[in-house]
Amino acid sequence: MDLLNALVALTNFVIVPGLAYGSQLALGALGVTLIYGILRFSNFAHGDTMAFGAMVTILVTWAFQSMGISFGVLPTALLALPFGILGTIGLVLLTDRTVYRFYRQQKAKPVIFVMVSLGVMFMLNGIVRFIIGPGDQRFADGERFIITARTFKQMTGLDEGLAVKTTQGITVITAIIVVAALFWFLNKTRTGKSMRAYSDNEDLALLSGINPERVVMYTWMIVAALATIAGVLYGLDKSFKPFTYFQLLLPIFASAIVGGLGNPLGAIAGGFIIAFSEVTITYAWKKVLTYGLPDGLSPDGLVQLLSTDYKFAVSFAILIVVLLFKPTGLFKGKAV
Amino acid sequence: MIVVEDLHKHFGGFHAVDGASLEIAKGSITGLIGPNGAGKTTLFNVIAGVLPPTSGRVTMDGEDITGLPPHELFHKGLLRTFQIAHEFSSMTCRENLMMVPGNQSGETLWNTWFGRKRIASEERALRAKADEVLEFLTISHIADLKAGEISGGQKKLLELGRTMMVDAKIVFLDEVGAGVNRTLLYTIADAIKRLNEERGYTFVVIEHDMEFIGRLCDPVICMAEGKKLAEGTLDEIKANEQVIEAYLGTGLKNKDKLAKA
Amino acid sequence: MTETMKHTLLFVFVGVMILLEGMTDFLFFSGSWNSALVILNMGLISAIMAIGVNIQWGFAGLFNVGIMGFTALGGLAVVLTSTPVIPAAWSSGGVSILIALVMGAMTVAAGVMITKFMAPGKLRMLVLAGIMIVGFFVYRAIFDPAVGSVEAINPALQGNIGGLGLPVLLSWPAGGLLAAGAAWLIGKTALGLRSDYLAIATLGIAEIIIAVLKNEDWLSRGVKNVVGLPRPLPYEVDLQNDPGFVESAAGLGLDPVLASTIYVKAGYALMFTVVLLALLWMAQMALKSPWGRMMRAIRDNETAAEAMGKDVTRRHLQIFVLGSAICGIAGAMMTTLDSQLTPGTYNPLRFTFLIWVMVIVGGSGNNFGAVLGGMLIWFFWIKVEPMGILLMEVVTSGMAEGSALKAHLVESASHMRLFTMGLILLLVLRFSPRGLIPEK
Amino acid sequence: GGHAKEVKLGILFGFTGPIESLTPAMASGAELAMEEVTKSGKLLDGATVSSVRADNGCVDNGLAVANAEKIISEGVNGIVGGDCSGVTGAVLQNVAIPNGMVMISPSASSPGLTTMEDNGLFFRTTPSDARQGEIMAEVLKERGVSSIALTYTNNDYGKGLADSIQAAFEAAGGEVTIVAAHEDGKGDYSAEVGALASAGGDVLVVAGYLDQGGLGIIQGSLDSGAFDMFGLPDGMIGDSLPKNIGPDLNGSFGQIAGSDSEGSKIFAEMAKEAGFDGTSAYAPESYDAAALFLLAMQAANSTAPADYMGKVLDIANAPGEPINPGELGKALEILAAGGEIDYQGATGVELIGPGESAGSYREVEVKDGKIETVKFR
Amino acid sequence: MSEPFLIGDCMTGGYGKGPDILHDCTIAVNPGEIAVIVGPNGAGKSTAMKAVFGMLNVHSGTVRLGGEDITALSPQDRVVKGMGFVPQTSNIFTSMTVEENLEMGAFIRTDDFTDTMEQVYELFPILRDKRSQPAGELSGGQRQQVAVGRALMTKPKVLMLDEPTAGVSPIVMDELFDRIIEVARTGLPILMVEQNAKQALEIADKGYVLVQGRNAYTGTGKELLADPEVRKSFLGG
């Protein structure tokens, strides 16, 4: 029984949130990694693209809600998601036309692209705040929980509860679907392969009859979709606030890098590594140990490896250690 | 001078160099031939310290140099060129050459601030030397072009030129000839010979052009599948059945079809 | 127009902008010499940081995104060198803290030794784990109580080990040294990484440095901040109370408040300019020498440079340490200028990416470009807010008074700051994609 | 002496950055007071008051100092701000003191500012966190709480507050199971919630900001069933919290600066009319900060900082006619006539020695999704 | 003389804003023909090839394919028109497997290309062994084989090769030339740059010698081989 309690406590506070957060990071990192792999630069505007996508979705969600449209137990935002994706696709294609294309034609160095993406980030930053404001927005509706801690306790008679939020469930499921679809697309379809070819050798792709502008366009479209999905799932699970999306950029990049830039598998693994390292390293094992160990042995202290102050430091330290052994990430990423 | 003993280099499960043992005599120009993928470049890379060997030993003049980093080997007089040209693309061709000599006093930060006289005179000498090399390679006209913007063959020449900037003991040339105009290549062959005779450089030359090898190399070593297959003069090698089968072939089969034209 | 002319004009442009800031309140200018000098001073510091980054990136192609960390270490150096000695802290626990830190370092060193000299295998793992665990507990056993007692001393104002009580100007080189030391350690471990991997590693290390600064209260009070740091110039208030000063100010027709504030700021500007010029000269000499050529070769093609006898690892380390030291010096200068160390204010956008923008906009690989970029981008960083507001005013001028849209637009004007910054950045990069003063 | 027809007050807040969502209401609060005074037409023979907003990024010293210089050069007569303690200290030291400019901060609550050498130029309408810790401990004890978990936002405010809560609560015999920092504006707080839950405790005290990390921590704790009762210091008090969290927050309690004055209610009304949320954190304090400036100027009959700085404490404290929000006109009249006032304002202002709010607090509890005042301390 | 199948006619142009590299340079090839370009390093051979393929600005002169003026088309459109090109350097997708490289060669094809792939594998048996290895891990000569194989996958109407035999072992070179002859005899015109000039000119129907961006000598392969001047200056005696 006690062992069960320990297990439930661990699941509730480490595994479930870790999975959800990991999926969110993974989806974000996928976008970053695709841009890196195919267009060959680190896109700092990605966080704000996520915010933009989420914002459009929220606005449409509100419109739906005011029209009385709902999605039953699921959040209405899922219905609005396609619109958000479309809006974001429009936005990124527009920025590509007006901004990035010029540098592509100039064959500018990656670092120029990085700076340009910083510029785009600043502007998006302003636009998003301008439209929806800097504050918190909540737009989740429908059933909040798949199971609450209280119900779980009643059902099982355990001391510890296990809560799973609907949004957590949706996040993980969507992440799996999206990732599977993406893999199929990249490795099996003609367009997907042409994207990989372009990412490898632009000039040669040209010689194979691949239209580079098309590849770029598809890439942006996929990235826009990924960014919107990630942004909305994140917003549903926590809350929407432009500033956090910028902050999210750091762990997202860390995920993409730890897995190996340009490698989709790596992005996913990276997302979970970063998420779980954040959650586990600073976890206080007191509760779990108290349940798990015989009475006399239960610990006095918190049994915490490191205090939560160092949460980020720790995930970065893990990142650095991984890189020291695998200099281009776990899955052999690219380096331009 | 260089002794390679039972050298292995594995990439994952693939044995690129698989127990190669060979000796390179001081003052020789040794040719290294073999089919594509025989492991010649990999062998070079291991000797030159770019890749760590999986096992085996390399000695130079009796000194164990296995796994030493390339820059240390350079200072021991071991130079190499790259099969795929590794130019410094944003620097001019002249600068590409001038950077080569080691121990330039201008490479110490302190001197860049407080020893500028000395640097200036050293630079003059270097520049003269670089121009001489460019002249020799018939590419004086590209001295001030960025190395990233010269033709493929010119890059190869530049690659060779770098080894001529210093007094080397042994130079490894990895297909300097591929992509170089034949007339020029044979001039280069003469130069290599001269360096060898006059300055006592030892050369190891990978090349697929038998005429070039013939003019230059004795002995010739043929590698296949990561091992030494045969060694001898070019004529001996050319007569070797295995070498013919694996590497030289028997000439064009479709010659007859040419008649039409 | 020749290149040199164009580049000189760009510098003149920045100079004129700053002068206008002081002279007129037309458009977005404020017409205050104080304001102009504040911009100038931070601009000078930014230019120095940009030189540091340019040395690493422009010369050697090292993608260091940990500038923030080195800047912060520079700031820490100011606290450690210039704040008064706190004898109580040393008697109660300071010494033990030092011992603990040495112990920790020795544990790590022992670990490194063992991995180096013992054959791999179970035994090595065991010994390693043993040393690490024992080391960790010994370290914590000495460290924790010592920290506790140091932090207990007058926590509202002190609670840290204090400084050495040396003149604050000494903290600038000290900042450089501290940053250099950290860079050496980091470089030893992380410089094997390439491009964006190095970037994220340095970014992470910078975050770790900030985390330490924020959470180790015994060191520099953590997030409680150190305020009122000593400074190399007299206090304005003292000047205002100094009859001699007031008199000479009056002689110039200035009121004492204005004269004193400008006097101090101009003093800083002078000092910063001296440091900037010295560093610029040194960087320029280095760049134009065979050393610079070697570095460019390394940047272009490491494998080939290595084969040509250049010790790439060592050179990378050298330049990483140098560039970081310069950032450390700039960090110390900045903290001196602020007279306070506030770890919470270090965020990567402002202290790392903005500097990168400066370098790239200025023209990477070119020291003058870096300086220009530093001054120019800093000017805009400060001035985009009024520009944004101006922009909004222009946009809304046609709208009806009191319309909701107009209100919203005006309300959002301050968010237009980042927007405007982005716009400027994109425009500059559009018209000179290789930077304003590109590498030759 | 020569009355300016226009009085300018600078508003130096973090309009961008980590507390950008609080600052609009704060600025509106300050401007509400200015507008009220302008409308009354009674300040220094009918001077108008205008505000000059400037951004300090909350955490960007460089920007803050530059913008402070800028607004001073634009001729402001006083600065309402800064908001975050870090930049406030920077601006005070580097701009205000050298220029002899008065600053009244509505929200910089770090205890460190109490002892800062300020030449009498710095005031704040919020009490130092040292005081709040004691109050929080009292509230907890009275409610029979014997053990708490404590989390704070990792800045001088959060840290200072957490330290004082921990000290006071332990002194009162309570147990603090864990003190864990959290960073604001981050993506995920599962790690913090996990650690806090494992440590356990009757109540989770969240010394953070209500729309920042604090919100995330509470949400996470409720969702995972880690805690269901929360202790809420000032940074967490505001209507948006119960609105965002929902009924689960009912029963949680805390305290915020403010005395038994009707001021806050009046202010909330006035704010509603003016179209912003008057219960938003530090909006009332901002109103008071601006009002103090204007009243002090009136009392000194001058807009020069050197003249009116001495009057701030006078008008804020007894003796005199108590003044509520909306009564600034009346106050100006009294002062013009040479009378005395005791400014109460929206937060029951009472300034003590070093020029900061004395620290009366109201204890609040969330009931039916509303924050209700239970008691004053 | 009738219009050649592919002709770059009097092309003048250079890279970006730099000086002109090509001066009135003409190269052409007819169906069933092998045309070989030789010349010293830096003569502009690769540049001429790129110009024909539309990868650089030609500001005077035209490129015509089967009588149609294609001067204004983008490279990828020329691929669709049936042109195949193997550049001198970076001519493979290093991160993709050998097989994927070949597949990318067939990118514009919508029909079943397994036969062609089979043919390529027969031509270069080593590629079959390495089919699922990333091409970047191959030896220099193996890469060259992948590159040629990739171009063959297109089933082009005209094939342009920039030094296909550089770094290739004699046996593979012979096979490559054999194959080129075979392919040419099926009617596919082949235009190539070669430094193994003697061998190349032996199989060439037409030879061009370029010097400093200009046509210096033109003739049949035999003629050029026989010309003592050409032999001495460009073919290594």
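As written, the chains take the letters A, B, C, D and E, and residue 1 is the first residue of each chain.
Basically, a contact is a pair of C-beta atoms (placed from the backbone, for glycine too) under 8 Å apart; a residue touches a chain by one contact, two chains touch by 3 or more.
Predicted model only: the values in this text are computed from it and were never measured.
**Q** Can you list every chain in contact with both subunit A and subunit B?
**A** For subunit A paired with subunit B, the chains in contact with each are C, E, in label order.
**Q** Going by the average position of its CA atoms, which chain sits the greatest distance from subunit B?
**A** If we average the C-alpha coordinates per chain, D ends up farthest from subunit B.
**Q** Can you compute the centre-to-centre distance for subunit B and subunit D, using the mean CA position of each chain? Integer Å is fine.
**A** 74
**Q** Quick check: how many Å separate the C-alpha centres of subunit B and subunit E?
**A** Distance between chain centres, rounded to whole Å: 27 Å.
**Q** Measuring centre to centre with CA averages, how many angstrom lie between subunit B and subunit C?
**A** The mean C-alpha positions of subunit B and subunit C differ by 46 Å.
**Q** Could you give the separation in Å between the centres of subunit A and subunit E, each centre being the mean of its C-alpha atoms?
**A** Centres of subunit A and subunit E (C-alpha means) sit 46 Å apart.
**Q** Send over the residues of subunit A in touch with two or more other chains.
**A** 129, 134, 307, 309, 312
**Q** Could you say which residues in subunit C touch two or more other chains, in rising order?
**A** In subunit C, 214-215, 415, 417-418 touch at least two other chains.
**Q** Which residues belonging to subunit B are in contact with no fewer than two other chains?
**A** none
**Q** Which of the chains are touching one another, listed as pairs?
**A** A-C, A-D, A-E, B-C, B-E, C-D
**Q** Over in the complex, which subunit B residues touch subunit E? Could you list them?
**A** Those in contact with subunit E are residues 11, 33-38, 41-42, 83-84, 139, 142, 149-154, 156-157, 175, 178-186, 208-211, 246-254, 257-258, 260-261.
**Q** What does subunit E use to touch subunit B in their complex?
**A** Checking each residue of subunit E against subunit B gives 15, 18, 33, 38-43, 45-47, 88-89, 126, 137-142, 144-145, 163, 166-175, 177-178, 181-182, 185, 195-198, 202-203, 205, 220, 232-237.
**Q** Provide the residue numbers of subunit A that touch subunit E in the complex, in ascending order.
**A** Touch list, subunit A to subunit E: 190, 193-194, 196-197, 199-201, 203-212, 334.
**Q** Show me the residue ranges of subunit D that touch subunit C in the complex, using the header's touch definition.
**A** Interface residues on subunit D, with respect to subunit C: 15-16, 20, 24, 53-55, 57, 59-63, 65-67, 69-70, 72-74, 85-87, 89-90, 93-94, 97-100, 110-112, 114-117, 119, 130, 154-156, 158-160, 163, 181.
**Q** Could you pull out which subunit A residues touch subunit D in their complex?
**A** Subunit A residues touching subunit D: 9, 12-14, 16-18, 21, 24, 129, 133-136, 138, 145, 148-150, 153, 161, 163, 165, 234, 238-239, 241, 243-244, 247-248, 251, 275, 278-279, 281-288, 302, 304, 307-309, 311-312.
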